[in-house]
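In order of appearance the chains are A, B, C and D, and numbering begins at 1 in each one.
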Amino acid sequence: MVLLEATAIGKRFGGVIAVDDVSASVHEHSIHAVIGPNGAGKTTFFNTLSGFYFPDGGTVHFDGREITRMPNWQRVAAGMGRTFQTPSIFPELTVHENLQLGIWSQAGQAFRLRGGTRAQTQAVEARIDELLGFVNLASSRSRLVAELSHGSQRLCEIAMSLSTSPKIVLLDEPMAGLAEAETERIVGVIRDLRERLGLTVLFVEHNMRVVLSLADRITVMDRGRLLAEGTPNEISANEAVRDAYLGREVVDHV
Amino acid sequence: MTPALRTALVIGGLLALAPLVLPIVHLDVSIVSEVLLFAIAAMSVNLLLGYTGLPAFGNAAFFGLGSYGAALSIKYAHVHFIEAVLVGTLAGLVGGLILGPFLLRRRGIYFGLLAIAFGQVFYFIAYRFTSVTGGEDGMNFARPYVGFPNVHFSLNEMSFYYVALAIYLGIVALFSVVAVSPFGRTLVAIRQNEVRVRYLGINTDRFIFVALLISSTIAGLGGAMFALLINFAYPLTLDWHQSGDFVLIMILGGAGTIWGPLVGATIFVIGKDIISTITPLWQIFLGALFIACVLGFPKGILGSIAAFRDRRALVGAASAPDAQTPLPRGTS
Amino acid sequence: MSSSRLSRGSFVRASSAAIAGATIGIPAFIPRMGEAADAIKIGLLEPATGVYAADGENELRGYQMAADMWNGRGGVMGRKIELVKEDDGNDPGIGAQKARKLMNQDKVVALAGTVSSAVSLSVSGAANAAGMLFIDSGGHTDDVTGKDCKWNTFRTCHSTWMEAHATGYSLAKKFGKKFHLITPDYAFGHSLETAYKDVLTRIGGTITGSDLTPLGTTDFSPYLTKALAGKPDVLLVLVQGADFVNCMKQIDSFGLHKKIGIGGPQAELEAVQSLPKEARVGFFGIEWYYKSDKVLGKSKTAHAFVRDYTKLHSTAPSARSAFGYVTMDRLAAAMNDAKSTDSAKVARALEGAKFGSIFEGTAYFRKEDHQLMWPMWFGEVRREGANGDKDDLFDITDVHQADSIEQSIADKAKICTLSYP
Amino acid sequence: MLEHLGPELFNGLVLGAFYAIVAIGLSLIMNLTGTINMAHGSFMTLAGYLAFAMISRGTSFWFALLVAPLLTVIVGVVVERTLIRPLYKREPFYSLLLTFGLSLVAEEVFHLIWGANGVPLSPPANLSGTVQLGFMSFPAYRLFIAGALVVAIVALALFLTRTRFGLRLRAAVQDTEMIAALGTNTQVLYMVNFGLGIFLAGIAGVLAAGLLGLSPTSGNALLMPAFVTVIIGGMGSLFGSIAGGLLIGFAISLTTLFIPAASEVSMYVLMAIVLMIRPRGLFGEEGIFG
């Protein structure tokens, strides 16, 4: 079943066409990657799906509803979580406080002007433990996020995106700027998102090796257009994709 | 007793005893009332700018609305003290309701510009609507009685001060509760990263709107009390220069702190009073204070003290094993 | 309404005084806390900053001269007068705050001063709440001695009503009874407009038009063409400050003053000095002038005042200086008469007492509204100084006695009742 | 009433051109560095006073019109280097607060040097008359101002679109990081950009002094309309500032004619209407929260 479907998305900035007539279908319980060389428009495409921008043309459907122009915060309520290329967190708050917000939000408690009851607090704490356990950050619970390593910040952000109990998680270049060991941690967590939590994952990624090993389906973009879509095997065999990646890095990595 | 409550009791107690010391330092009790009312106005800025990160450069509009709300209700409806304060406070709230939808549309610099520009509308209305507001000449009125059924009593400067103090401490209490509530935490999170807050499923517009309404109501309350302190309402209270003073007071004391506005207001109001008595060039000193504060004390007095304490705490913690790994350079 | 431009020399003095003040500021501040207990302290509120700073300075000079004169004679009831000055910042809030400070901390026995009408009103209220005498020396709005009149508040300068009537009668006599008004669209303009309409009702004239112009109007040419089309005898320019300068410059460039009479409620010497020559045209009300027999007459005090002031400050005294002098002089005299510094007693002593001062004839504070009833003058502005004196810019032609230009006691009674506590 | 329409519209044009040129300067500074320059009006006043000082020492108006803004630029650049530069990495309200303080200091310094009341700055004699243009007559100085402002705006547009430096400046507004990577010294860019904004303020300041008079606070009168111009036109758009300025100019002149009491408020009403329809202003770039 298709969970997230983009149809003929177009987006321009001033005179520049960033995304031109791109479509993609993300199936439930799949790990779907969007790749493309620099300037391919993949992040812009990604942002129109997550509601960071609204597309100029085309439609986005999610979980059976049209969400093309739905405000980003409503998409979260509808079951969409996302992360950013540079970890988007609250640097001056602790890991614990970072996670509270999403839980409050999902529980409809964020608007409270007073602290919660004991039962409410306990429920929140239990949920935080659960999330931290999942991303393996329990030991950093009370540290300021600004003090964490880059990889841990990213894990914290993934935990935050999970705190609202999404159906799909959108990850924007989750490995960007990470060392080898940290990349492995994230790869493990992304696998777990599907295996253990049963979620759907859509991610934009540069690192071809990671994409080929992780994704079920791959959408390839180039210069704002859709170049190819298929399984990892189909994509690595595709001539056009090889041409787009001038350095033949696909071949080298396979 | 929590440390925060202890601090509150100590400061509250000192403020309650302040009138005893004033004659020694050559100050009139009414100027300390003014300090409290300016602190209240600066707290209204603090909620938006210090906590939520929105450049609230137009809060004088709400302050002035409160001022005129009180003055007009006394002049035309002959209401008593408490009613006048309530009308002024409501006027601030209404101002927030009117401007909110416009201000909400933008953030950052643009929000600041909108706040200044829309605030000026009220200035011009007060200035122009001579037949009702007295225009440039302002409105004079006698301070009304505090009226309860069967009981009337008037407030002299000393009793007025204690009323102002009670209101100020009430607002401090409100802030202390709200600051640690999910709502308050969300505002702080909005300041740090609004996009992320939205991607946690929170309609930040709604939070900002409510923060704006609380802010405008508090400013209106401060303005109403200010009009009753000087028994006068005039257009300059609505002007953006007045907003600038409130922002300075907040920054001077320490943005995002509970007691910062009080510290800032004390320095600003009393400092200005003393310097303007000494030299006609006080405006140069005031301008220099703005510049020095921005360049030298960006965190304000309380913020700098807290940062100093934190730094010591961090130095102490540095010996603990640090799991931090060096940040790799981004690839994009 | 306007203020003077500091001359080069006075700038040097002002800045060196300011620097001295800043460096010795703190020690200078401390003696104020505990000086001689027997001095009679008068609190003065004048703007030291903003657009009225120069007016404030001139009023202060007047106050100081009168205080020095009384102190030179041995003081009031054997006690020296001490002036305690505060900057009202042109802000009614600051004015009220400083008034309280002067009353409660400096223990002054009376307040005086102010230039901006809004500050006059707020100080009047603050003084009233404390039961303290206040003499408004320079805020012209009618309300001070009109609907906001108070037992404790007196006013030295003329009301806008008086200015409008003095000039209205003179202009009608000189040019004719058809007026066209260019009115600034705020409180001050509106009250002048009402007053001029009253003049025309009394003498049977007509208004051919009244244009409300917003503050900051730069181009008056549409109003001027419109005015001319109505064929008035007189064009009254009620706008002030920069707008006034613009309007007068355009009147000059259209040559309007050669076709019809040009006039306005009041011109101040310092303001005219700072005008470009091409804008120095028309006939205005003048509240006091240092160089005219019609003003000074044979009053020895007046001539001595002008001589001493000019010597002391190297510049001619303005009407503002006169306001300060008259106010302080009357205050001291009233205390002397009342043999008390009690506000109510001094107020009673001020009421109705006739006195001669630095102008020809006598004057008195009217008992019913506390307005100073003294003459107002009328004359033409000169482009260049006369008689070898570059400051001699007015040619005084008419004198109006106060009774003929201020609202009658009967009319005032409808809006103002003074009630002593 | 209608016979005044022509002259009033012309006034609107002159006024609008003033707002536009001040707004462009503000907007340049705001876009590149996020600095809200509350002292912009003070720089205008400074240029006016410098021109006044030069003219009263015998130089010609034309010389002063050119040199006074340049001197003001020097002051501006010194201010930028010493006071504003430390704030570039900080939140914008710090720069706002600092420049607000600066304007207070400036006002008092002008007061000390040139007095509290206005000083006369007369335009040259050959511009003091009126020019008969078909059905109506225009004050010559206003015609000249309109022309001068148009020339200044066109020159700026050419500078920004035709010169290498101008192109870099525009690129930097889009992406400061990128231009730094390309090797342009951003600090020099910031300085020149600030100087450019101040130069425009200076020209406007001298021209306005001849029209509106000169007093310690006179420049501030143009500041608020210039802010509104930026809001209406949209931040980051040169064309927006021009259109916004003219729109406000006409709005003010027309309300002055038909509903004088609303003349000050008219631009705010216009601003509210524009924002309801286009939250980013007429020509503003799309932001995150659209």
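As a convention for this text, a residue touches a chain if its C-beta (ideal position, glycine included) is under 8 Å from a C-beta of that chain, and two chains touch if they have at least 3 such contacts.
Nothing here was measured: the structure is a model prediction, and the numbers come from that model.
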{"item": "Neighbouring chains shared between chain C and chain D, ordered by label", "value": "B"}
{"item": "Touching both chain B and chain C (chains)", "value": "D"}
{"item": "Taking each chain's C-alpha mean as its centre, the one farthest from chain D", "value": "A"}
{"item": "Interchain centroid distance [CA atoms averaged], chain A/chain D, Å", "value": "45"}
{"item": "Centroid spacing, where centroids are CA-atom means, of chain A and chain B in whole angstrom", "value": "41"}
{"item": "Where chain B and chain D are represented by their mean Cα positions, the distance between them in whole Å", "value": "32"}
{"item": "Centroid distance [mean C-alpha coordinates] between chain C and chain A, Å", "value": "73"}
{"item": "Shared interface positions of chain D, touching two or more other chains", "value": "108, 112, 261, 264, 288"}
{"item": "Multi-partner residues of chain A (each touching 2 or more other chains)", "value": "52"}
{"item": "Multi-chain contact residues (two or more partners), chain B", "value": "127-128, 195, 281, 283"}
{"item": "Residues of chain C that touch chain B when the two form their complex", "value": "18, 21-22, 25-26, 28-29, 32-33, 48-49, 53, 86-87, 89, 91-94, 96-98, 100-101, 104-105, 117-118, 121-122, 124-126, 128-129, 141, 143, 148, 185-188, 190"}
{"item": "Interface residues, chain D side, partner chain C - complex", "value": "3-4, 7-8, 11, 14-15, 108, 111-120, 122, 128-130, 139, 142, 211-213, 215, 217-218, 221, 256-257, 260-261, 263-264"}
{"item": "Footprint of chain C on chain B - complex, ascending", "value": "23, 26-31, 34, 127-128, 130, 134-138, 140-143, 157, 226, 230-232, 234, 236-237, 273-283"}
{"item": "For the chain A and chain B complex, residues of the former touching the latter", "value": "50, 52, 71-74, 76-77, 81-82, 84-86, 88-93, 97, 100-102, 104-106, 109-116, 139-140, 147-151, 160-161, 163-164, 173, 176-179, 206"}
{"item": "Touching residues on chain D, where the partner in the complex is chain B", "value": "30, 34, 36, 38, 83, 86-87, 90-98, 100-109, 112, 224, 227-228, 230-231, 235, 261, 264-265, 268, 271-272, 275-276, 279-280, 287-289"}
